[in-house]
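Quick notes on the structure that follows.
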């Protein structure tokens, strides 16, 4: 025991000595923790691209407070715990690391604790329910960790009033007050489905189906759809966010559509969903929290999107612009603090952010470290896809088009 | 020169185990010879080496004057040097006729296919009766017939039979011996590996006695000792 | 008699070196890599006990690891048992799982062993996925309690405590393996591996041996799983995935498996080699290709290491030189 | 209720056709060489990607794409046989070594595909558009083609192995290599043909599936596992048993999804696989030795 204490002391002393010597580095590294390989590589590469875009732009403008930036990628692969931890350790172990960005690295966001332990600035986009779960018991321990996405609570509740409003305004005729919900077995999908069941129930709807699928590749939705066709609900909801699964769902639904409004969680916002479903997705509805708010009243979004497209040649989903903005938020905070080594201070500064971004106006809730959801802040956005175009129809202030009853509904 | 099959100083084995040691054997045109000796002393290994299933570690094998040492089995079959292997199960799930037809796959054999087929069915009428039966449903004797039939379908210029009577009843043995005799009389030179000395003596002109991978004695018709003394020599008193 | 240098001095010297590593590697990243490498070394060397020393081609070895992971996670987080005990309990449940799968494995041969153990792994994974209220389903469990020793907490010490704990685990596992291999039982394993018929004739029960060896190989693998869960504070179903399996398998194969130490050395080498490649942008996928190629090359040209065991797998067929008639 | 049942059976038929094509390829290699090819799913994926590249990226049309995908997979299959399987002929542990080498091949193909084609999902257009209604159950016309095509392909492979000398020699080599060599069959060539044929089947399956599912580097994993279940269920042996088992598994899977839900279906399938392996390792159609 004595031995270990001595060793520990010696080691800590060495670390202090070493870190002190490097305090004046003028190139700050920005880590991106992302699934660059494996199944989620499309998302991961978009994250890297978004961050790279911001870094290049900052460097071209001469850097921030005398510092320029360099991007370092930590690949989490298939997001196994040791892959995420190893990549995170590698980034954390780099003495020039100023901040780490991610869209999502693990499904559980467990790496947040690793970041907080070392006072590393960590900005994350997705899985806000997990982030909230980790941070809200003791927000002060996570001074450097902030989430760009607001609480997912809006996903659970907002859909009911939006649909009822559409019906009341005569834009949507609902044959009955039944809803069928299918979810995939992961906290995101399942949590939202449970929330929706609750919200619809409270509003007096009958939930006719509430199925759960294993998380993973689903190639055949026909068994579920067969049940739907037996007893068609007015609203059909799928909260599986995997775009390939959702695209298959949509295609198989359209083989023999029922008189139901189809709502799919998140997946339709991914660019390839459109490519994959083509005309089959015309009419589908989805919503986004913390997604790109591409509307005339928020010109920032169009600007970021067009920059991204110019450099990388394709349309990004949410993660490219999100990582771009994350780097920019860090850069702003760094500009105020000046010294990249004062990460705790930078974290505090990030917490005070009040900035118009591609996602809306970002402000953070000190209790949860999530961005604040509101029409003036980061709004929940409802979209409808029609003929390959996305129409933002709710909230009205940002609307880029009207909702129209899907062609398959009588 | 001039020997049909000439094996000189061949050494072969499996991995690090040497089975054949500098063995030399020859077969002349029109001749039937027998290989004889205790089990596990290299007779089957020798046939496998000749057929190209095993690559010899040393020595030379030539057939009709052509060097075939280390040639591929398929080329050796094409040359007409055919083996009917021991303890045959052939292709269990293939029909008799299918098997025989397949056996004439080599370029040379394809030409004589119909004639060979007739010859096989003449020789083994039972096979003709069972032509659409799967090989695995045949009796031991019939399998042996099919195996020899396959070899004949290859249009052999030299036929090597590895223990054709193994495990057969005396009656079947006799029947098969008759058939093999017919093949020999039709002019196909034979190399026969057998435990049954009487069977061998009745068919062959010469015998090689093989022990520990070497030829320890060559016996001509002329200097043949009688049956009992051969048995004594190799199997001790206890046989019979 | 082997020279003392290879059997005692070299391992001891390596151990001393590893004990000193934290003095030089003061950053938590390097130490983390060592910890992960130690865990893989435990997995690979124990796998080698069934694969190399007994010739049982167990494709579900990582299942034992996963069982350990979830045991420790559930016991320490859900039930609140001391993490140290939870880690050791991982070994017990893994051994139990090994016992369950051993029954069919003992009866089967060749490819059927591969398939049944693979299926078993998939079955356990499906079970873990489907019991989401206990296991956390697809996303797994997080915030698992961490280790403490008295009032010494294992976090925020730049992983010093975990380093030595993992090293201790590796040393214990290695001593255990050495003891097994050198015991009369270990020698009878060799007899079975090298001549199944002969061993059976001498009254060695082959199926009992296979069961025993699978259970023994699971113990430290399960403990390593428990340690993994407590160390990373996560349990997620990807431990059952193909990625972990093929990485561990490549360690066993590339290490060469005549000895207990081969897979251990390979685990250390491969962990650092792949991590070095992981740092190069744009080559993230390539590192897996490099490992796969290394596996193929070793299988092809390094018979000393790998073909040694392969030769000894599945013994008992005498007609060795015949072209592959390996089915049964 | 009847409608649902019919829809389920049709869905099982689609699955069964897919499994039959995958599993018969696996089975051809198994019966001929005694090799269990873990790269089979990856070859299917390559077929789909090449079909996509030729058809979509190069714009040469879907049929040319499918043909190229099939051919590319076949060539890769022959290459795998040459480099990763042939060196171990005659080794008594060939089966287990090739499990490892083909596993390595799978990793290389999957990761290589990701490097070449990137991470974004891809899809091929369908051979024909529109839907077809069978007894009130609707499937896409493309899937209907798959359902019709699969038995035809299997039948022609079966005829090939029964009627032609090349096909027969594949069977002969599978049943008894030594005897096959002794009647003049070129065993290595037969092996290469078997591998090429099997890989071509995988490639064709991939190219056809690429219009229904999405083309990703890991798209072959699930069909490979299902094909494994099928060959175990049918017994590692004859083509007919494999095809029969494929349809049975397809329908069982569809029924399980209907009755138990997607959630428990994989669990039950794997349990079935273990039970069959333990109690009848030769498969339900195989003769117990």
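As written, the chain order gives the labels A, B, C and D, with residue 1 at the start of each chain.
Note that a contact is a pair of C-beta atoms (placed from the backbone, for glycine too) under 8 Å apart; a residue touches a chain by one contact, two chains touch by 3 or more.
All figures in this text were calculated on a predicted structure; none of them were measured in a lab.
Participant: Can you name the chains that touch chain B as well as chain C?
Facilitator: D
Participant: Tell me which has more C-beta contacts between its two chains, A-C or B-D.
Facilitator: More contacting C-beta pairs are found at A-C.
Participant: Select the chain whose centre, defined as the mean of its C-alpha atoms, is least distant from the mean of all protein C-alpha atoms.
Facilitator: That would be chain D.
Participant: What whole-Å value do you get for the distance between chain A and chain C if each is reduced to the mean of its CA atoms?
Facilitator: Chain A and chain C have C-alpha centres separated by 36 Å.
Participant: How many angstrom lie between the CA centroids of chain B and chain D, rounded to a whole number?
Facilitator: Going by mean C-alpha positions, chain B sits 41 Å from chain D.
Participant: As a quick test, compute the distance in whole Å between the mean CA positions of chain A and chain B.
Facilitator: Computed from C-alpha means, the inter-chain centre distance equals 76 Å.
Participant: Between chain C and chain D, tell me the centre distance in angstrom, where each centre is the average of that chain's C-alpha atoms.
Facilitator: Centres of chain C and chain D (C-alpha means) sit 31 Å apart.
Participant: Which chain D residues sit where two or more other chains touch them?
Facilitator: 111, 114, 178, 181, 187, 263, 266
Participant: Where in chain B do residues touch two or more of the other chains?
Facilitator: 53
Participant: Return the residues of chain A touching two or more other chains; collapse runs of consecutive numbers into ranges.
Facilitator: In chain A, the residues touching two or more other chains are 37, 185, 214.
Participant: Help me check something: in the complex, which residues belonging to chain C touch chain A?
Facilitator: 22-23, 26-30, 32-33, 36, 126, 129-130, 132, 136-143, 152, 155-158, 160-161, 164, 228, 232-236, 238-239, 241, 243-244, 275, 278-279, 281, 284-285, 288
Participant: What residues of chain D sit close enough to touch chain B in their complex?
Facilitator: Within the complex, chain D touches chain B at residues 162, 165, 168-169, 171-172, 175-176, 178-187, 238.
Participant: Which chain A residues qualify as touching chain C in the complex?
Facilitator: Chain A residues touching chain C: 4, 7-8, 10-12, 14-15, 18, 36-37, 73, 75, 77-82, 84-87, 89-90, 92-94, 106-110, 113, 117, 130, 134, 185-187, 190, 214-216.
Participant: Looking at the complex, which residues from chain C come into contact with chain D?
Facilitator: Touch residues, chain C against chain D: 57, 103-104, 107-108, 110-112, 114-116, 118-120, 122-123, 126-127, 130, 242, 246, 249-250, 253, 285-286, 288-289, 291-293, 295-296, 299-300, 310-311, 313-314, 317, 320-327.
Participant: Which of the residues in chain D come into contact with chain C in the complex?
Facilitator: Interface residues on the chain D side: 33-34, 36, 83-84, 87-97, 99-101, 103-105, 107-108, 111-112, 114-115, 177-178, 181, 187, 221, 225, 228, 232, 236, 263-264, 266-267, 270-271, 273-274, 277-278, 281.
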